[in-house]
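I've put the structures underneath this note.
First chain A sits with chain B, and in the next complex the same chain sits with chain C.
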Partner chain A sequence: MAAPAEKQNTTEARIAALDLPKGGWSDAARTEALTRLRVMGLPERRDEYWKFTRPDALTSVDVPTAAVLGTKEAPVFSEMDALRIVFNDGVFDAEASDDLAMAHVQISRLADSSSDIHWAAGLYGQLEANGQAPVARPLATLNTAFATDGVLIQVVGQAPKPISLVYNHLNKASEAILHHVIKLDPGAKLTVLEAGPAAARLNKVMEIDVADGAAFHHVRAQGRDHERCAATHIFARLGQESVFKSFTLTANGRLTRNECVIELTGDDAIAHVAGACVGDGDFHHDDTVFVTHDALRCESRQVFKKVLRNGAIGVFQGKILVKAGAQKTDGYQISQSLLLDDDSQFLAKPELEIYADDVVCSHGSTSGAIDEEALFYLRSRGVPAPTATNLLTLAFLAEAVEEIEDENLRAALVDQLEGWLERHRS
Partner chain B sequence: MLNIKDLHVKLEEEDKQILKGVNLEVKAGKVHAIMGPNGSGKSTLSYVLSGRDGYEVTGGSAHLGEDDLLEMEPEERAAAGLFLAFQYPVEIPGVGNMTFLRTSVNAQRKARGEEEMSAADFLKEVRARAKDLKIDADMLKRPVNVGFSGGEKKRNEILQMAMLQPKMCILDETDSGLDVDAMKLVSEGVNALRDAGRGFLVITHYQRLLDHIKPDVVHIMADGRIVKTGGPELALEVENNGYADILSEVA
Partner chain C sequence: MDNVVDDVMVKEGVDQETVDAVREVGGAYKYGWETEIEMEYAPKGLNTDIVKLISDKNEEPEWMLEWRLAAYERWLQKKEPKWAMVDYPEIDFQDQYYYARPKSMEVKPKSLDEVDPKLLETYAKLGIPLKEQMLLAGVEGAEETTGAPRKVAVDAVFDSVSVGTTFKDELAKAGVIFCSISEAIKDHPELVKKYLGSVVPVSDNYYATLNSAVFSDGSFVYVPPGVRCPMELSTYFRINAENTGQFERTLIIADKGSYVSYLEGCTAPQRDIAQLHAAVVEIIIEEDAEVKYSTVQNWYPGDENGKGGIYNFVTKRADCRGDRAKVMWTQVETGSAVTWKYPSCILRGDDSQGEFYSIAIANNMQQADTGTKMIHLGKNTKSRIVSKGISAGKAQNTYRGLVSMHPKAKSSRNYTQCDSLLIGDKCGAHTVPYIEVKNNSSRVEHEATTSKVDDDQMFYCRSRGMDEEEAVALVVNGFCKDVLQALPMEFAMEAQQLVAISLEGSVG
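Moving on, here comes the complex of A and B:
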């Protein structure tokens, strides 16, 4: 079905303002994506999954400008022993990046179209295309067509250290369209870290194919810039007995839409996706998660916590789809908000759709304020009210942060959260 | 040390007077007990002194030394040396007991302009104090009071008291929910803190706690007032005859 006229106009205007990168192995996928995009059209407020989040700033021709946060502090994860790959406003920075070589791992750049990367040609835009049903994700399709850079990572064994993607935002009117493809062969293991705001406006897709027995860990922090807009998508396909764990920390940002589309296709696979966000004022943060169980005895877990104040808005749309035959599925979903005042809002839409009869699926969603009893207890022991509030706020976020397995990574993110709370004391 | 004069308190939300003129002075080094039937205002007195929301002081005063308690925030009262052992200690999921203790100790020190306790000193101190109260390493690591038994919660209150070294300790029905062994342990913890410079106000329904924590003065509270004051023998009288005799005698 063709999109309505207004939607078509927005979409065509946006397409007209972009250049389709030319040449090499990705051409076919890009052209095909462009065709799909024209049919579905860019998102608008009337679309079912955009009811709570206005997509305008993400679809407009002009990039909404975003002030660059001038901070001297070392970015998160900079202490970690990792292979660093740096992008400035979405452009690869060879000088600042490490040599793209590591045992058991092959890393290429999407922008380097000269080589014929067979494995990537079969995946690029493929998981994204699979993730379009039953809910369209047009911004990801736009990304497949127009992505200008990104990394293609193939992992054949256990990666000796994490790959750390660093996204600097330098220009207040910059736009970055990044597309990463990560393929883990059977039994392979990799941790990917991401940090930074990337650009005034970011559109990012990460496609991850996790083969049988492989394990992928992902921890990201989306920078601290206040005005930046971002739409990110993760598309993951999981093989038998594979593991996928992803955690996202979002502090600040005028608009963030993080979509995560996971398909459990092999028996006994495990997928955990979690996030913590803290917003003060002009902050709209949307987590949209879609987990499909299509195999036996798989486990999925969604844990999302949002701390909101001064009119900040949090959105959670999380779905667990259990297909017929996906028996012994264990699905869990929790989304919670801590509203630090009466002006903030949390909008949640948890969904379960189950076609198998022998499954355990649970979901919950809550909104609450700081527990007055606990606050008084802390104060009665001499802890000043703002410190006590921060302590209780961190405690609220702890359940999500604990989803990060690695102790050092967890500590690094707790530091970030403490810093944020300290700067935003009541 | 603690000086309460003609204290009148009503509930903030409804027009209900709870305290109707309480007069009480606890001197340093003394243990006072307050006994009284349910609804007499004992717990309200402890909450008002520690600064809990929901109460409105309509008259009178309460001072700790020179400090006007009623003008201070709860954390300022704590830093000034007031401590309330809660009848129902609060569970705080996500906050480790150790973090809680250390944050409290150092917040009070900071408020008093003292140097913060080093991590090493703190650890040494908390381990020694915990051992006396038979609080194991696991209880120190767990979130504050989460999954603690009634007895463990009360022991944890006394541990906080021991770490914070307050001048004036109020124990609100610390004996409720305790078996005989736990009561002994808690009482030993309290007795170890008895000191010439420290005052205690022990609120209880029953005389049995006062077998372990021997009071210098016993007050009987009824209908928002202290209606009778005496020595330890007054608690025994309550134990033997109930409140009815005393109340009819003062009515």
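Moving on, here comes the complex of A and C:
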């Protein structure tokens, strides 16, 4: 069914303002995505899936400008031993990036269309297309059609060190459309780090195919720029006994919509998605997660925590879908918000859809202020109120942060959180 | 009727008693018989003439007809909602009768003695004798411990008309008005005008708008200030005619400081063709008043292949207008082929309270999409939602709910617990809660794990030597029983069987 006229107009206007990259192995997938996009149309407020988040700033022809955060401090993960790949406003920076060669890993770029990359041709836009049912994710389809760059990573064994994607934001009216494809062969292991706001407006898709017995770890920090907008999508497919773990830290940002679509297709696979966000003032953060269990004995966890103040808005839409036959599924989902004042809001839709009887699925969602009794206790021990509040806030975020397995990465993000709380003391 | 539950391997941890209870409920439908009686129908289909005819049959004043016609105009512009997780063939709204009444009801009987014996027999057979001197038949616990017979006033609705209302005089002595809505429109127009459509506006949703245009009868209750209604009130809805939709309208007003407990039961004959039931219930609760509304919904669910059954599209809403007003919805949903029902609470008054307790059992091909909305507007408002959904056979059972804390609803509380149990691997259980919190002094908790039962109760059970699992089971089952025992048992003996249900082995 075609989209309504108004939606079609918005969509066509946006398409007209973009150039469809041509020439190379991704052409077919891009043309196909463009056709799909025209049928579904870009999201609008009336769409049920955008009930809590206004998509206008993500779909408009003009990029909403965002001031560049001037800071001298070293970006997160810069101390880590990793293979660095740098994008400035979505444009690859060869000079700032490391050499793309690493043992057991093949790295190429989407923008480099000269070579015919067979494995990527079979994946690019495929996981994204699979992730369009039962709910449409048109911004991801737009990305598949119009992405200007990204990395294509094939991992055949254990990667000796993480790949660190650094996204600098330099121009206040910049837009980045990045699309990464990552393929882990059976038994392969890789950690990907992402850091930075990327542009005034970012549209990013990451497709990850995790084969049997492979493990993928992902930790990202979305920068600290206050006015930037971002729509990101992760599409992951998990094979037998594979592991997928992703954590996102979001501090600041006018509008963020992070979607994560995971399909557990092999038995005994494990998927954990977690996120912590802290927002003060003009901040709207939306975590939308959709986990599909389509195999036996898989485990999934969704852990999302939000700290909100001065009218900040936190959104969580999470779903666990257990297909018929996906017996012995263990699904867990928790979404919690800590509202530091009366103007902030938490909007949530934690959903379950279950078609198998021998499963354990639970979800919880809570919202409230800081625990007065705990605060009182700390103050009675001589801890000043603002410090006590920060301590309790960190404790609240801990369950999500602890989802990061690597101690150093975890410590790096806790530093970021502490710094933020220090700067945003009440 | 074959029962799918029989062939099912039950997963470990699911209590056998529960499976048996669900099997009982999903067994042969006991109320599927039909009363052979001469009926009078309005012509098939829906148009302004039909709306006028219904108004005319009820001898309504002009303002009521205008209200209906305006609703009809709005309905023509509305679209049927499609967001619920239910799937049914397109309904042809022109292929229905919108009005059907027994010929013998043409001249309204002056007292119950004059009612057609066939109608009285029908209700007697359902266990609802319409005679004040008789106790409700075969009911355990009808006599309370004091030994005095427990009185329940009944308004009996048969297809499109109210057959009669018992204990009217005794209630009138206490100042309570309990009659059919058609009588109320004639006898108490000022009350009806003031409150009708004030909780569920005419254009609220597709089915409510339809109901506003074509409702034929239903019950009306007014409890004056400070009055504790001397007995329980109830309405029994019976659909009998074929191809006929039932559109009842219930309006309950609990004035300041009053109290009333109201019960509702419903059954229908077993037929191959699905029938439509679109009711609207509005409850107004003023300062310090309290209303308990209990439903045992046992419409014909269709056969094991999904043939026939009632499409139950119902809008129920309570408005706690005054401070400290309180409402409690309790529902036991075992019938209907398709259920679309969200009894809701608007907590407008400060310190007002809303509670929703639901046990929904879907078997064979049944589909239920049900839940509640708790709209917190006033300060210090409290709500509690406890929903137990059980799916068996090829049924789909969805909990859909909204908890909304408005910016001004400071220091409010919500606690939600939704448990689902699947019996067999061909059915589905779904949870779709919406949570909107717009102030930070309110606490909202949505839990879906059985381990989160009350800590004090757990501690007590543990201190008596129970292991954790036993303690949880006891507390959860104890709760289920509480709900069911609070329910008046007059209308459905099934509810008693439900006491055996345990939510052990449930999923969120």
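Following the convention adopted for this analysis, the second predicted complex is superposed on the first by the 426 of 426 C-alpha atoms of A that agree within 3 Å, B and C clash if a C-alpha of one lies under 4 Å from a C-alpha of the other, contacts with A are read in each partner's own complex, and residues count from 1 in each chain.
Going forward, a contact is a pair of C-beta atoms (placed from the backbone, for glycine too) under 8 Å apart; a residue touches a chain by one contact, two chains touch by 3 or more.
Since the structure is predicted, the reported quantities are computational estimates derived from the model, not experimental observations.
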Partner chain in contact with A:48 - chain B first, chain C second, else both or neither: second
Chain B versus chain C as contact partner of A:374, first or second or both or neither: first
Of chain B and chain C, the chain that contacts the larger number of chain A residues: C
Touching partner for A:384 - first (chain B), second (chain C), both, neither: first
Partner chain in contact with A:4 - chain B first, chain C second, else both or neither: neither
Which of chain B and chain C A:325 touches, first, second, both or neither: second
Contacts of A:339 with chain B and chain C, given as first, second, both or neither: second
Contacts of A:122 with chain B and chain C, given as first, second, both or neither: neither
Chain B versus chain C as contact partner of A:351, first or second or both or neither: second
Partner chain(s) touched by A:363 [first = chain B, second = chain C, both, neither]: second
Footprint overlap on chain A, where chain B in one structure and chain C in the other make contact: none
Parts of chain A lying in touch with chain B, wherever the complex brings them together: 371-374, 376-385, 387-388, 391-392, 394-399
Interface residues, chain A side, partner chain C - complex: 48, 324-325, 327, 337, 339-369
Residues on chain B engaged by chain A in the complex (per definition of touch): 50-53, 73-75, 77-79, 83-84, 86, 89-95, 99-100, 103-105, 107-108, 111, 143, 160, 164
Complex contacts: residues of chain C adjacent to chain A: 11, 83, 85, 405, 407, 410, 420, 422-449, 452, 507-508
